[in-house]
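The same subunit A turns up in both complexes below, where it pairs with subunit B and then with subunit C.
On to the complex of A and B.
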């Protein structure tokens, strides 16, 4: 077979365009990271950063940069990537532009299990063992999966319609939030406050350990999402078409949802429930590069990272010295966007 | 002959006939009286149950021969009674607001908490705490009304911008988004102005520590609101048949809608100012009341008021007794009841 007649994917115009766009977004992210490194209650000049990076800075700057700002920004990038990709997967699988893991209860499911896990394991223990934190993403994952299964089962009535899925998701979200409140109240006051801040989405206590806990999840599941992107694209053609093209649709759906839940749960376990990232990033990405998931997922991931880094920078500076949980900033940006989508969406 | 008779019927007569045909299949009045009796029983029981159990004799004596040196008498007078009255009032307000909202929008998912009205109130209370920390309780209520207006206004604005109006599903989504936005803003304000503790109470919802004077204030306000709601009941029933029909029967729709929204704002605002955001009562109770009382709002509205009061008094009793001596937020408990109900409605509604 002569392959030269087939159009090479790398010469594809749309591909080229999205590749450039991707590069541009990466650069934008880089600039934002720089700005974010420099800004905060203790402002650093670019020269300060440069001196610190080359090893000629003061010890204080080094501490600030390497132990506080940098892990925080890296965590923001990872969380943004994970949540945005998870959002793209959820929107693709449910074929519903409003399916954000934060709105449909995946986040609160993860949060509930994570808090329950912490509560049960740290009961009567002043100094919890180290492995407790490593297990946290797994607990969150189980919670996210339970929420997803619950939503799917409850929304099932001779099949699942996208809109019912979201509606049931809102209910499940409220249920998990209420259950969460009940668990939280059994905690001591300091634990309660910590849980509250963590749950409203915050990365201000980021450390390299937290980054290391999240990294493997991102490194495993983002490539798997990319690997499955083709299937997602096929799914957009409609169920019948996808089956006709030889897709085992239920199986693929379950695999994809598992990937999505894993990404969102791991992100939640690191940064708490940040809603709306999984909603906005895929939408913006679709505007920019169209609905093909092979192109959409990478762009979406970078947009997610940009969104979180930007929001985190705002959260640190806007009312300094007060630190606002980043999730709140994202909600303030995201809710109007969600409403805008709601107004313009075709049923 | 028949034709002539029909022509002679005035609009008022047609309305009356219609009401007769719509009245409950079973004696709604009897149910109402029975449930009022049950409510009184629950409230009395609720006085005796709590962290410290109080005997019936003490309760009786605290009314007939009040002794300020007796601890249980003081508990009854200063803690339990205001609290139970507040729970009953708040439950009634939220339920009636829910009924009116569902009747106005012809939307089974409409209710104060789902539409973001309670979040609006809580937001304005947060603003009041941050910028006018010396607000009196009276001023706080006004802030709360304004906030209820803000929340409702936002949701209705979204509705008027969407192409095909607010379907039940869109309404729930818009409400969720508006709530998320307002809650985030309130939390930001709370954190920045260091009033998070005061405000988290308003978001968890609860009637612990309510003082008698606020109950009195709210009671007067809301009594007026409930009477207006009752007066609206006939028009609401007829509007339930469709706006065309209602217009034909001489209902001034715009006027009725305006008054109804006002009543909703007053009732919800009053409820939030005293108990914070207690969710789902305004969703669940109207549906139950309609099942029990039929479609005539003349019975549905008082029925909802009584049922709502009963539910919240029970929930508050549970909140006190589940984990003593700690208080469980009532909002969490009503959510646990309300969520399955919401899911049930969502399954029914989410067809499209």
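On to the complex of A and C.
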């Protein structure tokens, strides 16, 4: 990116403000992570945690913290970051405040392909191949891309209006969900239940292996999104203006959507379809730091992480030891917010 | 801007790095929970037993495990006189396997989906898993205690019984459980011979107005037909798909012309007013025997099956 024409970022007041805000949110996330580490079915006092962190804890406490709670929290952070950033990209590219990949069918497209993939690989086979889980994000990615293309084609009518996109998206969402149900009905009872829990969004069986499968996707595509943030900002000026400023708009749009689908699909393959994160996080971020994507994306990503870590902490403590799928908690918060946005959106 | 990018990057990398280190360093104390020292002394004669489980993993079975967690396999453990360390439950411990509570009343409950922290809290030293689960989850359970996924199909109780006997080093006891059961089944079979030779039966599970019929080779179906020797109605044979209990319509049930109806139901249904219901031979001849849905009919295992045999005996002797 060529910055020579721009004023030094450190003199930019708005930048300074959002940098501080970003730091504050990181700290908030840090506090939440601590709270989350300490909460769960098995009681752990702050003293226990301190002893464990300094290496003087019992083996059981180390196991609990490092192998069960920490991977779960890290996965929550990654999934939240991925889904929120994907939401910001979708909203930016479509210039549509309602374009959450969870609502418009990207998630269910990813979910459908992921479940189909698992079903076909485990069919007639006693043991699935060892790479089955590594391939899962790729299957989800193909599903997400198919859903995105389908939505765009169906919604196209001399351009794509926000409401039209959402309505078609909800239709596509329903279609993929139905197809998913068809596959599920062919599964055995235990596979069916597993698929159901996974699809309603759950990270309760997180492990470091799951974290390592998701991490490369986040490490590649979050920086890509940040790199493309300027293009997203230019797009907000309108198509003509963007072309005037030398942006190859269709090409950029495809690149950005690919990044968005990659982030959302990888997150879905790790945690199932958690809707509304991609809706709430960008909206809150826009309220806090305005519509410039260079500032919006980092803030949005941290808000997404906060949202999932908070929801997951609630999910495993409210009815402990019974676990509520984290997706349900997010939906309880997210659905009213979505309705509020639907009511207040400008035509 | 660049700072933020770098910040995000380094944070993620840091988290990732933490993850890796901890994984390497913490594995050892976790394995230590198996209490190698105690085990070694006892094992001098034989050495540890290593068995290949249903996922193809080689599992080292501890000598004389004291705290066995075997969710939804409690029937088999009880038959071997082993009290499990926790028992299967749903609805936050509200729903348990009622038919086993004579033996399990004092055993604490654990949610059916076995959350890691719940499993940790009961401190098992061996975990038996009934259904094939993901390797990722087995790896996590293995950090708590050796975890063995059964090879035997959950729908075959004899295989399951033998395998659990093999894993727990009680093969002879498991064989004698099966023998005792088979001898007990003979009694019911001869009773059926005497009182209902050549007559057909079906077990129907009624939930409101929905009807389900038991698979002829599974759960109480294997007892009814395989052990007690009732005739299988033609419709039941045709219906059998991959479910333990297959949905069946009232018309199909009427088509069965079934002589004895074992009805699993928690109350009367409006279906029973229907002419089709009234015309079933079993209903006409007053050969309908009702049991509640908490009874053994919906389960698997030697204890469940023996209770089903008892139910059949008392029904025929009415």
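The rule is simple: the second predicted complex is superposed on the first by the 341 of 347 C-alpha atoms of A that agree within 3 Å, B and C clash if a C-alpha of one lies under 4 Å from a C-alpha of the other, contacts with A are read in each partner's own complex, and residues count from 1 in each chain.
One rule holds for everything that comes next: contacts are C-beta pairs under 8 Å (C-beta built on N, C-alpha and C of every residue); 3 or more make two chains touch, one makes a residue touch a chain.
Note that this is a predicted model, so its numbers are computed, not measured.
**Student:** Using the superposition on subunit A, tell me whether subunit B and subunit C clash or fit.
**Tutor:** clash
**Student:** Contact-wise, after the overlay, does A:319 reach subunit B, subunit C, both or neither (first, second, both, neither)?
**Tutor:** It touches subunit B and subunit C both.
**Student:** Please indicate which partner A:119 is in contact with in the superposed arrangement: first for subunit B, second for subunit C, both, or neither.
**Tutor:** neither
**Student:** Of the two partner chains, subunit B (first) and subunit C (second), which one does A:42 touch, if any: first, second, both, or neither?
**Tutor:** second
**Student:** Return first, second, both or neither, reflecting whether A:328 touches subunit B, subunit C, both chains, or no partner chain.
**Tutor:** It touches subunit B, and subunit C stays clear.
**Student:** Please indicate which partner A:218 is in contact with in the superposed arrangement: first for subunit B, second for subunit C, both, or neither.
**Tutor:** second
**Student:** Go through the superposed model and pick first if A:138 touches only subunit B, second if only subunit C, both, or neither.
**Tutor:** Neither partner.
**Student:** May I ask you to decide whether A:152 touches subunit B, subunit C, both, or neither, giving the answer as first, second, both or neither?
**Tutor:** It touches nothing on subunit B or subunit C.
**Student:** Kindly list the residues of subunit A that each of subunit B and subunit C touches, one partner per complex.
**Tutor:** Shared contact residues on subunit A (touching subunit B in one complex, subunit C in the other): 319, 322-323.
**Student:** Touching subunit A in the complex: which residues of subunit B?
**Tutor:** 158, 161-164, 167, 169-170, 172-174, 176-178, 180-181, 183-185, 187-188, 191-192, 200, 204, 279-280, 323, 326, 328-329, 331-333, 335-336, 338-340, 342-343, 346-347, 349-352
**Student:** In the complex of these two chains, what residues of subunit A are touching subunit B?
**Tutor:** Residue positions touching the partner: 98, 103, 154-155, 157, 161, 163-168, 170-172, 174-175, 177-179, 181-182, 185-186, 196, 200, 275-276, 319, 322-325, 327-329, 331-332, 334-336, 338-339, 342-344, 347.
**Student:** In the complex, go through subunit A and note every residue touching subunit C.
**Tutor:** Those in contact with subunit C are residues 9, 15, 19, 22, 26, 40-42, 59-60, 62-64, 66-68, 70-71, 74, 77-78, 127, 133, 188-190, 194, 197, 204-205, 207-212, 215, 218-219, 222-223, 226, 294, 298, 301, 316, 319, 321-323.
**Student:** Would you pull the subunit C residues touching subunit A in the complex into a rising list?
**Tutor:** 1, 3-5, 7-9, 11-13, 15-16, 18-20, 22-23, 26, 29-30, 32-33, 55-56, 92, 110-111, 113, 115-118, 120-121, 131-134, 136-137, 139-140, 143-144, 242-243
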